[in-house]
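Notes follow once the structure below has been shown.
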Amino acid sequence: MTRILRSLRDGIGFDVMLVIIALSYLLVFAGLPLIYNVIISFQTVDVFSLGTLWHPNAGFDNYRAIFDDPLAGRVLWQTIVFTLGSVALQFTLGFALALFFHQNFTGATWIRGLFLAAWVMPGLVVGVLWNWLLSGDFGVINHLLESFGLIEDPVFWRSNVETSLYAVLIANIWYGTPFNMILLAVGLAAIPGDLYEAAELDGANAFQRFWTITLPMMRATIGAVLALGIIFTLQQFDLFAAITQGGPAGSSTVAQYWSWQLSFREFDFGRGAVISVLMIIVVLFVSLIYVRSTKAETQL
Amino acid sequence: MTYQIELDRVEKHYGRFHALKEISLAIPKGQFVALVGPSGCGKSTLLRSIAGLERITSGTLRIAGEPVNDLPPRKRDLAMVFQSYALYPHMSVRDNLTYALRLKGVSRAERARRAEEVAAVIGLETLLDRRPRELSGGQRQRVAMGRAIIRQPRAFLFDEPLSNLDAALRVRMRKEVRALHDRIGATSVYVTHDQIEAMTMADHVVVLQAGRIEQQGTPMALYDRPANRFVAGFIGSPAMNFMPGVIAGDGRAVRLALPGNPVLETAIAGTPGLEVEVGIRPEHMVLGPLDAPHAVPLVVSAVETTGAASYLFTEGEPELIVTTEGTAAIRADDTIGVSIDPARVHLFEPETGASLRSAKL
Amino acid sequence: MTYQIELDRVEKHYGRFHALKEISLAIPKGQFVALVGPSGCGKSTLLRSIAGLERITSGTLRIAGEPVNDLPPRKRDLAMVFQSYALYPHMSVRDNLTYALRLKGVSRAERARRAEEVAAVIGLETLLDRRPRELSGGQRQRVAMGRAIIRQPRAFLFDEPLSNLDAALRVRMRKEVRALHDRIGATSVYVTHDQIEAMTMADHVVVLQAGRIEQQGTPMALYDRPANRFVAGFIGSPAMNFMPGVIAGDGRAVRLALPGNPVLETAIAGTPGLEVEVGIRPEHMVLGPLDAPHAVPLVVSAVETTGAASYLFTEGEPELIVTTEGTAAIRADDTIGVSIDPARVHLFEPETGASLRSAKL
Amino acid sequence: QDVTLTLWTESATAPESVFAQEFSAIDNGVTIEIREIRFDDLVTDTLRAVATGTNPDLIAIDNPDHAAFASRGAFLDITDQVAASDVIDIDAVFDGPRASLTWDGRIYGIPRASNTIALYYNRDLFAAAGLDPDSPPRTWDELLEAARALTDPENDVYGIAFSARASEEGTFQFLPWAQMAGGSFDNINAEGVADALALWKAFLDEGLASPDTLTRGQWDSTGTFNGGNAAMVISGPWELGRMASDAAFDWGVTLLPVREEGGVRASALGDFNLAIFANTDHPDEAFAFLEYYMSQVDRVWPEFTRLPSVAGVALAPTGDARIDAAAQVFTEQLSYARNRGPHPDWPRISQEIQTAFQSVLTGQAEAQEALDEAAERIDGIIN
Amino acid sequence: MSGAVTNRVLLAVALALAAVYLFPLYWMYVTSLKTQSSIFAVPPEFLPGAPQWDNYATIWEVANIPRYIGNSLVIASGVTLITALIGSGCAYVLARYRNGWIDAALFAVLMLQVLPPSLMVTPIFVGFASVGLLEYPRFATILAFSAKTMPFFVILCRAAFMTVPRELEEAALVDGNSRVGAFFMIVLPLARNGLLISALLVFMNGFGEYVYSASIIADNRLQPASIGMTNFLQPNVVNWNAIMAFAATYVTPILAAFVLLQRQIVNGLTAGALK
């Protein structure tokens, strides 16, 4: 007993305990629901039997139904475009802003703070705002583009099957950029200054310093931000609900929105769960890649 | 004449702290300059200012004749060994070494060759693929050194590059550095706390104290003719002994506040009766029989020996150190006779510390 | 007898790298042990193992008689100066110094008092409120030192604590540390590259090479009776000169591969005709008139002088170093006569490097 | 012993909430606690609650969703109490609302109110376009013509606004047109429905309605009408208050145009029902509240601008002539209103209808094909 | 270019960027002052013609804003507390070692936040109902949502802990700290920036939490502001300007606090080199 206590205070027990606590918490409150979702993806779930764990077995019927759905292919493609587009642009813009505000100029820190506004705003409000901004007739974006002479006729961002996905994408980029920026800013600030000094003396220009010092030194942060970015984007829901409802004609439906529609609009929880299981598989790969990438991190 | 590195009344403030005060220094191409001074006197600051890592507050810095106050470090083409090493933690030793070459666009094969070459010099051939975190302190320092010497810059700046190395390695590195310096005809500024390094490697030694240059000159000039008490005490190890004295006789002799109040004839003229501070290096106090003429009797309080030499510490105020060769058979509480070479005596003004010899020159 | 620190066949592996090999070492209470060895030989690893920062792979470590392999560092009650300082960047110098006291629950007033006291010792009274980032390299090192000596632990572990200090400060710190050690009767393990530190401060010197203890003993024992060529070369500065030789005469003499093939009568008995490696320290080669008996004529290739002593490097293979006192009037290309004290000659087996003297003892 | 009932509703300012507070204030030992739930979450949360037995005693629920709960026995069958009640006269309830409450011939609730949609038009713009503000369009052709005449891109004016978005609102707006053309939710591919779709498509393709019609709700569409950017809008009585205060022009309301002169009229039936859950511990107190509600039903128009679902309730004048006139139109329109369903799987049926009209309007499918496919899928759901 | 000029140019660019970026926020404020219909005006009104200040008065009266915000604060604080308490330790360990177990744990942590709340809430609700946690709805919400924010927090903090030199912790151990003590006194302060920012992000997340609160908290009096706001979203009537006024009322103070705090945090000292 004292041995265990001692180990908790000073030894490996301390580490094990810290991880076990967090993991068990997660397993209970996130793991069980996740398993539940996997289970019901193989069951026929009646709206009123939601409360019980055991439902009629459906085998792979739900999966078949999803794969046979004409929407499936489009949703897959749209999900890929939306996720990769969002993450790539959020990250790039976030990094650019973080670097920009990393320079020491008057007010840099204050103004950077303002960029966090998006993070503070509830998703619903952001969705509504972008719904208006992107509106074809009374939308400010069209108005500005027209007054700068960039477009002739208003673009119906939300209602054109060609652009509706991008309408949500734009809003999501706006929404997610500050998250990337602030975390990358923290990562930037943690790089010891003398490395830059050494690199400068070694003849590295700003660009080279970025590629050879900043980027590799920020591996841990970048890996985390990207992995989380993908996962968050895969959960983005409010913006779809507020801007396009996945329409018109499914042109902006992505996996998570479809899953929600199946579960809570059509009350077909089994099929909704199938999509979440497919998303779990995607995230599984993302997680694997992330975990692998941590091998290349640098501990100071 | 244009100098390779030239500082003209350079000042540096850290906030309210005045780190460099009116530093003027001109280093011709090819010279090897040692920068010495007590801890915290501004040596690193001076190096960093030359490198362009610190903005100097005022004054002008020229490299090869051109003012470079506003030139970014990478345009100055200098190589520096940081006191804190500043190794790239995310790169292997090999990549640390060849980073500058890579930036210069040196081919991969050439880089590999140079890395091997330098690794041999710094003795890390087998560790090229390790990360800095997996190296010992001295190995890290050697990587820092290797990173500088792999280049052929206009000037080298070394900030205590050998402090964590053992004596044998240090001797080897000293030679290698000096040979490299001579071979590529570079200019070097070398910060060190090691008297031997400063004296044996440098063409020119600059003594800094509290951000100010106290004296500069060849190593032997500083040893033989220190401009003031500070330099006298700083150069030479163990440090010079100081004691009060009074100018006696016709002004060409000095009476020491030592047992027996010996009077030494010196080569320096002064006003009789003037109180002075007398400095004598431990190695200029010769052990002899107690009854020899002019022998000062001193009681030993402690003996330290390094094998090659022994240091005798004497009782009384001020404590003196006497160096003798080899392992002396003398122990604490023995009384020894010491005779002093009058030609090697230094006199300083008690208040200002200025050397009286130089005052008269 | 129980020892304060006792290592019994301690091994340490870093992955595949074997850093400590069968280290057995017993340090009685109150002893001051210097740990020396070339860069990367495992000194820091040994200290860190004693401190409990590295888990030893096998063997037993005892402190005050108790095995502590599994005891966490804080229960070992040791103070350590890290080679890389490891100052807490978010704390002022004062807080860095008093952190351990705070953990012990020492009162605020007492802590303040102790901080002032230690600051005076390390000469940082005016910098107590600075952050480590705003200190020079030497000042940081002094804080690291202060952090250890503010405590009264069972043992001190010092990892090159003075390497970045100037000579004068180093002398002062040496004395302070040794005085502190004696006052509180602690046990100290002191890693250093500075021969003088090792020889003058330590009661006992341990020479490490490639993770193995080569020899241990009092400083003078190591200087006078090195167990092998490695120790002989490592202890003493400048390093011992080595040259080939052959046992001659009745086995009590050795013929050196030097100009004139001098034959020295030694105190060591060997088989005539045996090839040996002969070691002579530079300070045991005495300059004398060229025509003196046994004088070996050597041509000087370079002269280095530190003021107090000069080192003459000779031409030919092997290069020898001869130490002379003061500033010699000798220059390169001069021919000097050197006589060798036969009593100070060391003989080693060429293959194993083992000392022949010890082999016969 | 005080009895506490819980009522879940979409709004704390809706009539049932206000009446529930009054009912609690009456010294009858019953207190009703109200929980507001966002409309979008109402059904989901209730389902979950029913599944875990944490459901309330009373609920106000959108009428197409009523059948799902009634058919599973989640709602209390109040047929007998209603029959015995002197306050509630179920026969006075309009057919549409009554059908939505009924499952298998039994009664499972009372209607809260009713609403439907009609055509609002901007009299000023009519005049400006040379149309007679007093004879608004009565047939689809007239409607199309009027929309063409009223459309004025120069001044950012669309001829007509409505909502065709992929949500229940879209179904609500589309079904009347399908019904006027002879279709119904269980016969969505009836012959004329394609014509109804053609009409909508014409509005969009000719630029008579904003392309954002596809993603915009009724409230936002009507907003553009109020702002003067659409000359006509199809919407319901809930707009009257906003329009009266915001619209800077003269407006009128008329019945939805029919397919051709004398054609079948149809309209959508909206608004909520009130129901008691079967597992309540206090069915009598809960029913007492329903009775109280019905006793106050004449207040839903003047105080809440909602149309009572019960015949014979006079609509008290509001003091705004336009609103009072509109009330008459809506009351008449209500009499043609048809239910969505009732069917327990209504949301899925509705989804199929939305998919059909959206894919046609975006040009991704031919009208008849899309409708046929929807009909087939709906058949699968119904049977 | 002299320092002062560079400074001013950078500032100007920053302001321009901020202006573009913050436009939606501006739109929120403007809309909250418009009439119901002028929101839809063409061309859009950049300044409300007749500011409807009483939109604010209305929501302040109708919606019990202080109560809602109070609840939001309770939930956000609870979530932050639990997440930070449990998460930072885990993040620290995951940063400290490199082996298969750690990889597995890291993987698990990341995987466990894959599902969107809307899909998690049903099983959680069912589970909570069966163990009676629904009796304490705010606490239940905090528990459930913390599991959502924890992986996020762990992954980010792990990156922060990676920047703390190991040797400092060792120094603390030798100075007499236990592992726990060294963690709290040395490692935590040094990873402070990343931790605080992550915690702040978690707090913000908790402050705007909607899905769990909406499902779990039945009692209006315990519901957070995110739900209070959506009460203006009714099936046919959507009081946009009230929603915007509501959002503005509760976003503004938080934003202000955030701007102030992040400045301290991101700019705080960094560990830097050891030597």
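Here the chain labels run A, B, C, D and E in written order, and each chain numbers its own residues starting at 1.
Operating definition for what follows: a residue touches a chain if its C-beta (ideal position, glycine included) is under 8 Å from a C-beta of that chain, and two chains touch if they have at least 3 such contacts.
Predicted, not measured: the structure shown is a model, and the values here were computed from it.
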Fill in: Required steps from chain C to chain D (each step between touching chains, minimum)
2
Fill in: Minimum number of chain-to-chain contact steps, chain A to chain D
1
Discussion item. Quick check: which two chains are joined by the most contacting C-beta pairs?
Written reply: A-E
Item to complete: Express in whole angstrom the distance between the two chain centres, defined as the mean CA positions of chain D and chain E.
Response: 38
Item to complete: Starting from the mean Cα coordinates of chain B and chain C, work out the distance between those two points in Å.
Response: 22
Worksheet item: Centre to centre, by mean C-alpha position, how many angstrom separate chain A and chain E?
Response: 15
Item to complete: Mind checking the centre-to-centre distance between chain A and chain C? Centres are C-alpha means, answer in whole Å.
Response: 58
Worksheet, complete the sentence: By the touch definition above, chain A meets two or more other chains at residues 9-11, 50-51, 137-138, 192, 194, 264, 298-300
Worksheet item: When you check chain D against every other chain, which residues touch at least two of them?
Response: 40, 44, 48, 51-53, 156, 224, 227, 229
Worksheet item: Got the chain C residues that touch at least 2 other chains?
Response: 72, 74, 84, 137
Worksheet item: Which part of chain D faces chain E closely enough to touch in the complex?
Response: 6, 10-13, 33-41, 44-45, 48, 51-54, 62, 115, 156, 217-220, 223-224, 226-227, 229, 236, 238, 242, 245-247, 270
Worksheet item: What residues on chain D touch chain A, complex-wise?
Response: 40, 43-44, 47-48, 50-53, 68, 72, 74, 156, 158, 165-167, 210-216, 224, 227, 229, 345, 347-348, 351, 355, 358-359, 361-362, 364
Response to the item:
Per the touch rule, the chain C residues reaching chain E in their complex are 48, 51-53, 72-74, 77-80, 82, 84-90, 99-100, 103-104, 131, 133, 137, 140, 147
Discussion item. Taking the touch rule as given, give the residues of chain B at its contact with chain C in the complex, in rising order.
Written reply: 14, 36-40, 42-45, 83-84, 123, 134-139, 141-142, 159-160, 163-171, 193-196, 199-200, 219-220, 223-224, 233-239, 281-283, 304-309, 311, 323, 325-327
Discussion item. Give the list of chain A residues in touch with chain E in this complex.
Written reply: 9-11, 14-19, 21-23, 25-34, 36-37, 50-51, 97, 100-101, 103, 105-126, 128-130, 132-133, 137-140, 143, 174, 177, 179, 182-183, 185-187, 189-194, 220-221, 223-224, 227-228, 231, 234-235, 237, 256, 259-260, 263-264, 269, 272-273, 276, 279-280, 283-284, 286-288, 290-291, 294-295, 297-300
